[in-house]
Amino acid sequence: MAGTDEQEAAFYAIVDSDGRIEPRDAMPEAYRKTLIRQMAQHAHSEIIGMQPEGNWISRAPSLRRKAILLAKVQDEAGHGLYLYAAAETLGVSRDHLLELLHTHQQKYSSIFNYPTLTWADVGAIGWLVDGAAITNQVPLTRCSYGPYARAMVRICKEESFHQRQGFEALLTLTRGSARQKAMAQDALDRWWYPSLAMFGPPDRESTHSDQSMRWGIKRFGNDELRQRFVDMTAPQADVLGLTIPDPDLRWNDERGHYDFTQPDFDELFRVISGDGPCNRQRMEHRVAAHTEGAWVREAAAAYAAKRAKRAEAAA
Amino acid sequence: MAGTDEQEAAFYAIVDSDGRIEPRDAMPEAYRKTLIRQMAQHAHSEIIGMQPEGNWISRAPSLRRKAILLAKVQDEAGHGLYLYAAAETLGVSRDHLLELLHTHQQKYSSIFNYPTLTWADVGAIGWLVDGAAITNQVPLTRCSYGPYARAMVRICKEESFHQRQGFEALLTLTRGSARQKAMAQDALDRWWYPSLAMFGPPDRESTHSDQSMRWGIKRFGNDELRQRFVDMTAPQADVLGLTIPDPDLRWNDERGHYDFTQPDFDELFRVISGDGPCNRQRMEHRVAAHTEGAWVREAAAAYAAKRAKRAEAAA
Amino acid sequence: MSEQSQLVEYALRLGDDALVLAQRLGEWVARAPELEEDVAMANVALDLLGQARALLTYAGEVEGAGRDEDALAYWRDDRDFRNALLVEAPGGDFAVTTARQLVFAAYQYELYERLRSSADQTLAAIAGKAVKEVHYHRDHATQWVLRLGDGTEESHRRMRAGLDTVWPYVDELFDADDLTAALSAGTAPIAVDPAELRDPWQAYVGAVLAEAGLEPPDDVPARRGGRQGLHTEHLGHLLAELQHLHRSHPGATW
Amino acid sequence: MSEQSQLVEYALRLGDDALVLAQRLGEWVARAPELEEDVAMANVALDLLGQARALLTYAGEVEGAGRDEDALAYWRDDRDFRNALLVEAPGGDFAVTTARQLVFAAYQYELYERLRSSADQTLAAIAGKAVKEVHYHRDHATQWVLRLGDGTEESHRRMRAGLDTVWPYVDELFDADDLTAALSAGTAPIAVDPAELRDPWQAYVGAVLAEAGLEPPDDVPARRGGRQGLHTEHLGHLLAELQHLHRSHPGATW
C-alpha cells in the first residue's frame, strides 16, 4: 500500500467485515507478497502434482480408470491455470513465478516428492492427498482476497469430486482380489503420514500464522485442520476395510475427536528442504519440460507479433 | 594394381590356383574396390542387423532366452568388428565406411528392413535369415582374399550356432501352446520370401557376377544358392510342423531339388532402393547412435593424444 | 467374412486408431511446452479415449463373444490391432506431434462428418458426438501448425521435419480395401469409403500448410499395413506399457 | 525371519541388482558410441544376467516353494524387488552409464571378493565366478572414466554431471541392516557386511576419480529404500517391458 492510514483503515474494514479485497483495492505490501507466495506455491503444487499421478496414465488397468485419471490430471493443469491467473491479478507474471519455482526460490507441496509405486497409489492420492487439500482449502473459499477465494470455490468443487473417485478406486481394490486389497493397504501405509504432514508443522512452530489469520488468508490452525482431516478420514478407512498405520488411533469420547500419532515433522522438514525421495526427479522433469518447450513458446510469441504487425499494416 | 602385366599375372596365378591374396600382394584396383564394397556391405548388415533382434532384448520371455539373444546380438557386433577390420586391410578406414553407410552411399542387407513384430520373429531370423546368410557365406570361407576368408570362417561358425538356436526357439514354440504355435507360423509366413530374396536377383539379372566369380570372391550363382537354401530349409519346416507359405513348394524327384515360388523381386528392389517397412527407422537409429556418441569418441581420441604426449614428455 | 465380422473389424479400425493415439498423447501430460497445452493434450486424449471406448464396446457387442472394451484393449496382441501406422509412432518433439495431429484430425473430421449418415445407428451416433470433438482437435492442430510454420526459423525447420516424419503414414489412412468396399457399397452404406476423404482432406491440409508457409513433403514412400496388423516395432512397446498391469491381474475388476 | 528366509532375501538382493542392471545395459546394445562398446555393454549385461540367473535360481531353491529364476524375475511386482535404487534409474547419456558402472562394479568387486569365503557354498561359488567378471567390468568402467574425465571439456562436464546423477544412490549400497547383520555375524558368516565395503570402495573410486581430474560430489542427500521394495518410479516401467510378454502367456515354456 503506497500506504496512507486512510487506505489501511479501509483495507482492514473490508477484511474485518469478511468482505473481499479486489485487485484494484489498496492493500498492504506484506499482504500482497504473502498472497503471491501462497498462491504461487499452491499453483506450483498443482502442476508438480500432475507428475506422480501422470506416472500411471499409460498403465491404468482399465480404459475407464485411464479416462478418469487423464481427466483428473487435466483438472490439475486447469487448477494451475486458475491459480497463476489469480496470482497475476497482483501484478506478477506466470513466467516469473515459474522462474522462481525452477530456481528453487518457491516451493510446492512436499507430498508430491513421494513416488507412486503401484496403481493403488493413484487411489490413495485421490482419497488422502485430495482429502487433505480440500480440508486445507475449503476455508480459503472465504479468504479475504476475491480472485483467490473464487478460484478456490471452483477448485474445491473439482477436488471433492476427485476425492470421491479416489475413495471409490480404493473401494474397488479392497473388494477385489487379495493382491488388490494388499496393494490398497500398502498404499495407505505409505501415504498416511505424508498426508498428515500436508497440514504443516504444529501451530506452536508455525511462523506467520497469526498475521495470515489477521489478514483473512488463513482461517484455522494447522493442528485444527489436521484433526478435522483425521476425524473425516478414519471412519472412511473403516468403510474401505483398511487399517490406518497408527496403533494409537482411536476415538476419544471426551474430546469428541480421534486421538492419533503426529507425523514425523523432521521428515517433513527434510523433504521440504530438498531431501525427499523424488524432489530432484520432480524438478528435473519440470525444468526439462519447460526447457524443451522454449522454442514452442518463442514460436507462438513470434507468430503473435507478426500477426499483430500485419493487422496494424492492414488497418 | 599400379598395374604391371607381371603383377597381374601373379595375382591371377594365385587366384586361379585357389590361393589367397594377402593385403600386401598386388591386386587389380577393381578387385580391391569390389571387395571393399562387398565387405563393407556385409559389415554394415551385421551392425544394422543388431536392431531388429535387439528390439526384443528387453522383452525376451525367459532369462535364458534373454541371455541367448544378448549373446547373439553381441556376436553380430563382433562380426561387424572383424569385417571392418578385414576391410581396413585394404586401406580404407571404418570411419569412412560408416560415413558411406550413413550417407546412403553403401547398403546393407535388405532383410533388416523388415520389422520384428513378435517374439517368434527372433527365432525366425535365427533359423531363416542366419540360415540364408550361412548358405551365402560358407563359400566365402574359401574366397580369394585372405583376411575376408578368415573372417568368414569365424563368422560362419558362430552363425551356424545361431541358426540352430533359432530353430530350437521355434521348435519350443511349435511344441507349446496354440498361441505360441500360431506365432511361429505367422513369423514363417512373414520371413519366408524376404529370406529367399536375400540371395539377390536371379542370375540372369545379376550384374558383376561373372567378374566376381573370376576373382574368386563369389563361388556360386544366386539361383543355385537359393535352391540350396530351400532344399535345406523345407525339411526343417516339416520337423517344426510349420507350413512354408508356398503352395507350389514340393520335392521334384527328377531334379533332385524342391520346386518353389521365387520371391517378389520387385519388392526386393523397392526395399533395396529405400522403400521397405523399416529402412528409414534403421538408418535414423543408426545415425542417431553415431551422432549421440560423437562426443564420446572425441573424448577418447583427446585422452589418447594427451597420454601419448605425456609419455613422450616423460621419455 | 460375414457382414457381422466386417462390422467388428471396421469398428476395431476406428477404435484402435483412437485408442493408440490417446495413449501417445497421454505421454505429453505434464511434459507440454506450456500449461495450456497440458490441458489441451489431455483433452484431445480424453476425447479419443472416449471414442475408442464406444467403438471397442460396440465391436465387442456385435461380435457377441463376450469381449468388452477392456478385453479388446488389454488382451489383444500387437498383430490383432487394426490401427493405422500413423498413430503408433513415438510422439517426437512438439512439431512431430503437431504434424500428426493435423493429419489425423483432418482425416477423422472428414470421416466422422460422413459417418454420421451411416446406416448403422450406433456408428452414426458415435460419429455425431465425435465430429464435434474432432472439429476442435483439427482447429487446435491448425493453430499450432500456423504458429510453428510461421513462427521462428527454428520452429519452421522443426515443423518441416515434423511433416517429413509423419508423411509416410498419410496414404494408409485413405486406403480402400475389400472390407471398406463391402461396407460402403449400396444405397444405405455402413462405412465411409476412405478414398473419398482424400480430396477434402487435401484441400483442408493444403490450405493450412500454405498459410503456414509450408509444403507437403513429396516423393515419400508410403508405409502401410496397420489395418492388417502389420505394425511398426513401436506398437509392441506401447502395448507393453498399456497392458502390463491389466494382464498381471487376470479377471480382476478395477 | 528364519535363517532360510534371510538367505532367500539376501540372494534376491544380489540377484535383483544384477538383473535390473543387465536390463538397463541391454538398452545400449545397437546404440553405443562405437562398435567396441556395443560388444562391451552386451558383455557386461550378459555377465550380470548370468549372475542374476544363478542367484535367483538359488533363492528359489532355498525358498523351496517351486519358484525358479523366471518365476522370480517375471512374476514378482515392483514392491517385491530388492535391488538397490542405483541400478534402476534410466541410463542417461554415456557418462551417466559410465559413472554408474564405476560405482556399481567397484562395489560388486569388493562384495564378491569377500563373498568367496562365504560359509554358504553356493554363494561362495557364484562369487568366485562373478569376481573375475566384475574385475573386468570395473576395469572397463575405469578406463572410460579416465577418458571422459580427462578427455575434452565437454566430456569432463558430462562426466561430472554423470557423477552428480548417480551419487545419491551410492550410500544405499553400503547400508547394513538386521538381515546383513544376522547373516554376517559369527565365525562362519554367510553374507558380507556391506558397511565393510565402503572403505576399499572409496579408496578405489577415489583414486580413479583423482586420476581423471574429477571429484566425488559432496553434500548429496542419499536415496535409499530398494532393499525394502521402496523403489523409484522408474522400476515399474522397466518391469512392464521386462515382464509383459512372459506374463501374457502364463505357464508357457519358451
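When the chains are written out, they are named A, B, C and D in that same order, and each has its own residue count from 1.
Methods note: a residue touches a chain if its C-beta (ideal position, glycine included) is under 8 Å from a C-beta of that chain, and two chains touch if they have at least 3 such contacts.
Nothing here was measured: the structure is a model prediction, and the numbers come from that model.
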{"item": "More contacts between chains, B-D or B-C", "value": "B-D"}
{"item": "Rounded Å distance between subunit A and subunit C, as computed from the means of their C-alpha atoms", "value": "35"}
{"item": "Centroid spacing, where centroids are CA-atom means, of subunit A and subunit B in whole angstrom", "value": "58"}
{"item": "Residue numbers of subunit C (touch at least two other chains)", "value": "77, 240-241, 244-245"}
{"item": "Multi-partner residues of subunit B (each touching 2 or more other chains)", "value": "59"}
{"item": "Pairwise touch network: line, ring, star, complete, or other", "value": "other"}
{"item": "Every chain pair meeting the contact rule", "value": "A-C, A-D, B-C, B-D, C-D"}
{"item": "Touching residues (chain side subunit B, partner subunit C) in the complex", "value": "52, 55, 59, 115-118, 186, 190, 270, 274-275, 277-278, 280-281"}
{"item": "Residues of subunit A that touch subunit C when the two form their complex", "value": "47, 50-51, 54, 57-67, 70-71, 73-74, 77-78, 80-81, 84, 94, 119, 169, 172-173, 175-177, 179-180, 285, 288-289, 292-304, 306"}
{"item": "Interface residues, subunit D side, partner subunit C - complex", "value": "77, 237, 239-241, 243-245, 247-248, 250"}
{"item": "Contacting residues of subunit D [partner subunit B, same complex]", "value": "19, 23, 26-27, 29-39, 42-43, 45-46, 49-50, 52-53, 56, 69-70, 73-74, 93-94, 146-148, 150-152, 154-155, 158, 241-242, 244-246, 249, 252-254"}
{"item": "Parts of subunit C lying in touch with subunit B, wherever the complex brings them together", "value": "77-79, 168, 221, 223, 225, 230-233, 236, 240"}
